[in-house]
């Protein structure tokens, strides 16, 4: 293989995993945007999504489409349910309490999943399949193409949703000042639930794509994924949709190249070092808008 | 139930049954419990039931030490099966050695579990029924050279995992002896699911064999992705490969070899064990960890019998010494092998080489 | 239009409003005056649904709204410019105004024009981030935003606070103007003199009770009011 | 809201505090020599002590300074390794001296790391500070894990663990460290420096306008917080005798944060209490086996929902207040401690 | 603009021979494209009470932020007691003698009133961290002195009884007064008050006026205040500067300002105050 095609292959590798990070980061970012909560349970919602795919397809033997819908709808419902049970009562509490609750929810989901599904991982059935594409000497896997395309489309839809619809406006208002938003005629509860539903549905899509690329589901799979998505969201500028996208791709590609040059041992170190560097140069992330406090 | 103290022999069972490595812990627990329950059902030892004190350590050294101390102080155990992970097991031995507590682990593969290199001390109380890490690495390098005529090799392993690192180090060292050139040395971190970058590099070097001494879930993923990025080499692995066929396709795995202490359905004893296990645990098929858990219990129970035969009182120092002594000179027969221990308390048994054929893990040869 | 009957409002254990009743008739300007902490803002918050009374009733346009959520009350035609303005600091001036029209089907240019006419400063600063506006500019924005929802009843909480004298005058002019064009207004003010001047009727609030009420002029002449709120 | 304050005069307050601490210590010693406190319980007590130090040290940065560092385990790791490496080579020294030195070394090394990391990190605020410290914590872990294999020396032993560290941590040593650390933090917070730290939490711009060099005090609090985490690390090294980078991951930092928030931000007694509860809880839940972690997580969620400001709010306990209360008069420390309106 | 030399204080004869407290020469700042303050020339004598007025958004608070170094000026120079303040931070400016209150109150809300003042006294208290940790005599002494001083300062506003209340729980007016006390505690030569009477009723405002004058006489400092309440401004200011769109449009005595047609048009409105 030529150097160039290796580089291109590595780049595609990075884009593929980056797409998944980006989708998850988006959900992270949206939830953060609206209630300023680092939703540590977000990664675990993905885990639930993956199990939902596994259950519908491997246990119930239903076709992939059903599995995909089950994951997306299931995750959205779970997200809203968690928000209602665990986060709503804490809306007026210090933010850190909310953070700890989110950590509690994350532990809870992991351990319950382990109790129900067992500790080992489940092998995912094939969800999508198709022919690989050859571009010159570069081998493009079907799954990679699907992953990248789905991520890009989700992103576009979401951008339109947030910028052009009333719900999107409501989300922005609620994220700034819940009281004032109510006075504008916005239903805060509905808006927050909606945000969780969308964010978690994205996690559901993420779960499906992840399962296509890495066909295993385990109770602890959400932890590392969640963390990386979190990093991606912050890198891109938390609260920003294109930011989450850029952050996700950046981390995916970065990881791919760090591993490619034989530094995979230091991958996490390098990713965090880059993150730190970016934050020091631009403290609100790549796309984050800096809001100076007026004195 | 400690009402009648003499009516039971208390044995600790320690390992990670929650957390990232819970699947190994649960398997070891299941295997060990299967045998102990069997012994109890048959009337126990000397009319005494074996009472298992089971604690979870989450794979965490601190928790393991605390749980072990609790077993000793509050529960009054006489011997310990555990822990499951090497790190936790080493920490526990540090506590168990000074008090002469017999310990047998089903899965602590790190050499340091029974032998402290720096102080040159053998922990005389600690035994294991699994291979040590270097043994498997050496075996596979020899196998690659002698049976596969490999000239070049690549390795891919989890860097933060002492098991994987131990196997890989031994493999690389032995390769040098055997005249195999290691052309690529790629690592990854715990929790990684994407190995394409490393595998793309390996593919570019076109090695004869790839040694992937990790746990089966990762190995399955690695082999799958390797084929996607164009690695055609024969894959080799350690005993962590057991059940790998559930995690990668038959085509991708075809012709891979790994070294193990356990080959599913390969002997009558194993078949019987599989049947018992399936009956006890909802039809589940046992993994190597389950088999080793079972074997650890077998070796320990035999040693307990020896101590009982000496009419010693469970829990006393003499009793423990007798158990240790009996284990040292054991000739127990477990499901995977007949056991005896070398000077470092490591089991002397041949490795089983398993080959993946048509999606089945079949016994290839003893090596 | 608005009838408040015997409401009691609590902040946890703090009994902030103790059996207050008053009414605002369609087309009126009604002022609520009183010292710091008397409970003026609390009453407005209760009317707009941000707080709910423990007992008592609030009728708006013949409907009991004492247990209705604020966003539904806004849709019924009640706008509240809260204390401290509560504009969306990270949005631009324009976006704030759009938010004001949230209950409307679409943003209407004539609404926008009217507001820019009243507050030319806002037009100038259309694209500025609201958080960087000066205090007075923020106040204008808050009023402009409330007007975007075309309210039947507009509640203003200390609209003159922090404003330049010329603007204070303007604000009161605007209040009169709005009232003339048919908007009913409930006004809370520290600046009692100005408030009583524009008000048809006014209530004086002291530590959660209404102690006086009457027409603007009556109160202006009242000895007690002069002493306490008009500086002698 | 007004409290009548009757101050117990100063020297007496010290005597009361010292006596109370001595009594607690004596009770433990008596109980352990009577065999009531077994080896197991004393191990748990040591662990509680270590976690107490971690919690109060993080509380300094979180509760008092108002920042949210998520890399506290990194400082603990640095301290633990520094101390562990020292102890492995210090066999010639008398044990007491070696232990003392190891603790000081751990504190200094962790403090230096705190400084190096604090300088860039403290330029950021809120969640950005959280993520950047998380990053540093992870980098520390990755370096500890890989530095040997890269540079080819035997220093941390990476994944194979740093073994054979003398197990010198005893109940007494832990107890003393807890007392000293708490004393340091307590007296620091009741000084002008402590007030400067609090003012930054309350309103940074106003603090600057009061002539407080905020960068300096932020760094100071951060370094102190790191150094004390190093002390905890040192005790941990001597407690377990074996160190593996995996023990100091991101989850450990989270665990410490949970202690601080659960106890009540800015409440030292809260940190101490929740460190106790959260260290003992998994042990108490052992009987639940499989359900243990589920119960733990549920408890976490429930406490936060029903007591969002933490177990103790911002309440700070003082022996003298208790003592004064017993004497039937109210005393108050008018600086740090303040009663939350329950 | 009145004919007076822009480099002169309002009452040049009072503090003859003394360097003015503050001298701004052509000070200006831009925010992106927006020029918030431009060509700001202003001098305040050692014991003067000055007023800064102007329409909303004229740039008054921004001037305060420039003086306290919260913002760095885009152009121009600022001398504090004759010293250039170019490289100072906010904290340095305070140490050099500028203290302020904020338009939107910025107290240390969760701390007590006394602690708020003690934090103001931060640089007046002298002991090192080790002295504090080991509670050496200097610590006790300095703390005792500081506490007494804090209570003294609080008693200027009759707030000594509130010393142990949580600052955030005080009524609004008291919070404003506490901010002034905290600013005074930093031992300033120039005190900047941003709308000190906002949210106060007329009788409270009258009281505040007295107190401000009293503070000047007692501490012999200069005071610059922003206020929209003309009773207060005209009542106590010895000189007034009027800003509009970031530029000075008038400067002079209250009488002069009251009758300046520019000011009436831009700020006061037609009605008599």
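A few points about this structure:
Letters are used for the chains, namely A, B, C, D and E, taken in the order the chains are written, and counting of residues starts over at 1 for each.
Here is the rule we use: a contact is a pair of C-beta atoms (placed from the backbone, for glycine too) under 8 Å apart; a residue touches a chain by one contact, two chains touch by 3 or more.
Owing to the predicted nature of the structure, the values given are computational and were not obtained by experimental measurement.
The chains touching chain B as well as chain D are A.
Counting hops only between chains that touch, chain A reaches chain C in a minimum of 1.
Comparing the chain pairs A-D and A-E, the larger number of C-beta pairs in contact belongs to A-D. Using CA-based centroids throughout, the chain positioned farthest away from chain C is B. The centroid of the Cα atoms in chain A and the matching centroid in chain E are 49 Å apart.
Per-chain CA centroids place chain B at a distance of 75 Å from chain E. Remark: chain D and chain E have CA centroids separated by 41 Å (rounded to whole angstrom). Taking the mean of the C-alpha atoms as each chain's centre, chain C and chain E sit 32 Å apart. The set of chain E residues touching two or more other chains comprises 61, 70, 102.
Contact of a single residue of chain D with at least two other chains is seen at positions 142, 146, 149, 205, 290, 293. Of all residues in chain B, those touching 2 or more other chains are 17-18, 159, 189, listed in ascending order. This structure has the following touching chain pairs: A-B, A-C, A-D, A-E, B-D, C-E, D-E. Across the complex, chain D meets chain A through its residues 62, 68, 120, 123-125, 127-128, 130-132, 134-136, 138-139, 142-143, 146, 149-150, 205, 250, 254, 257-258, 261-262, 265, 290-291, 293-294, 296-298, 300-301, 304-305, 308-310. Touching chain D in their complex are the following residues of chain E: 68, 70, 89-91, 94-95, 99-100, 102, 106-112, 114-115, 118-120, 122-123, 125, 127, 129, 132-135, 139-140, 142-143, 146, 161, 163-166, 169, 182-183, 185-186. Remark: chain A residues 1, 6, 9-10, 13-14, 16-17, 111, 114, 118-121, 123, 139, 141, 210, 213-216, 218-221, 223-224, 255-260, 262, 264-265, 267-268 touch chain B in the complex. Across the interface of their complex, chain B is touched by residues 38-41, 43-44, 47, 142, 145-146, 149, 158-161, 163-164, 167, 236, 239-242, 244-247, 282-283, 286, 289-290, 292-293 of chain D.
By the touch criterion given at the top, residues 295 of chain A touch chain E in their complex.
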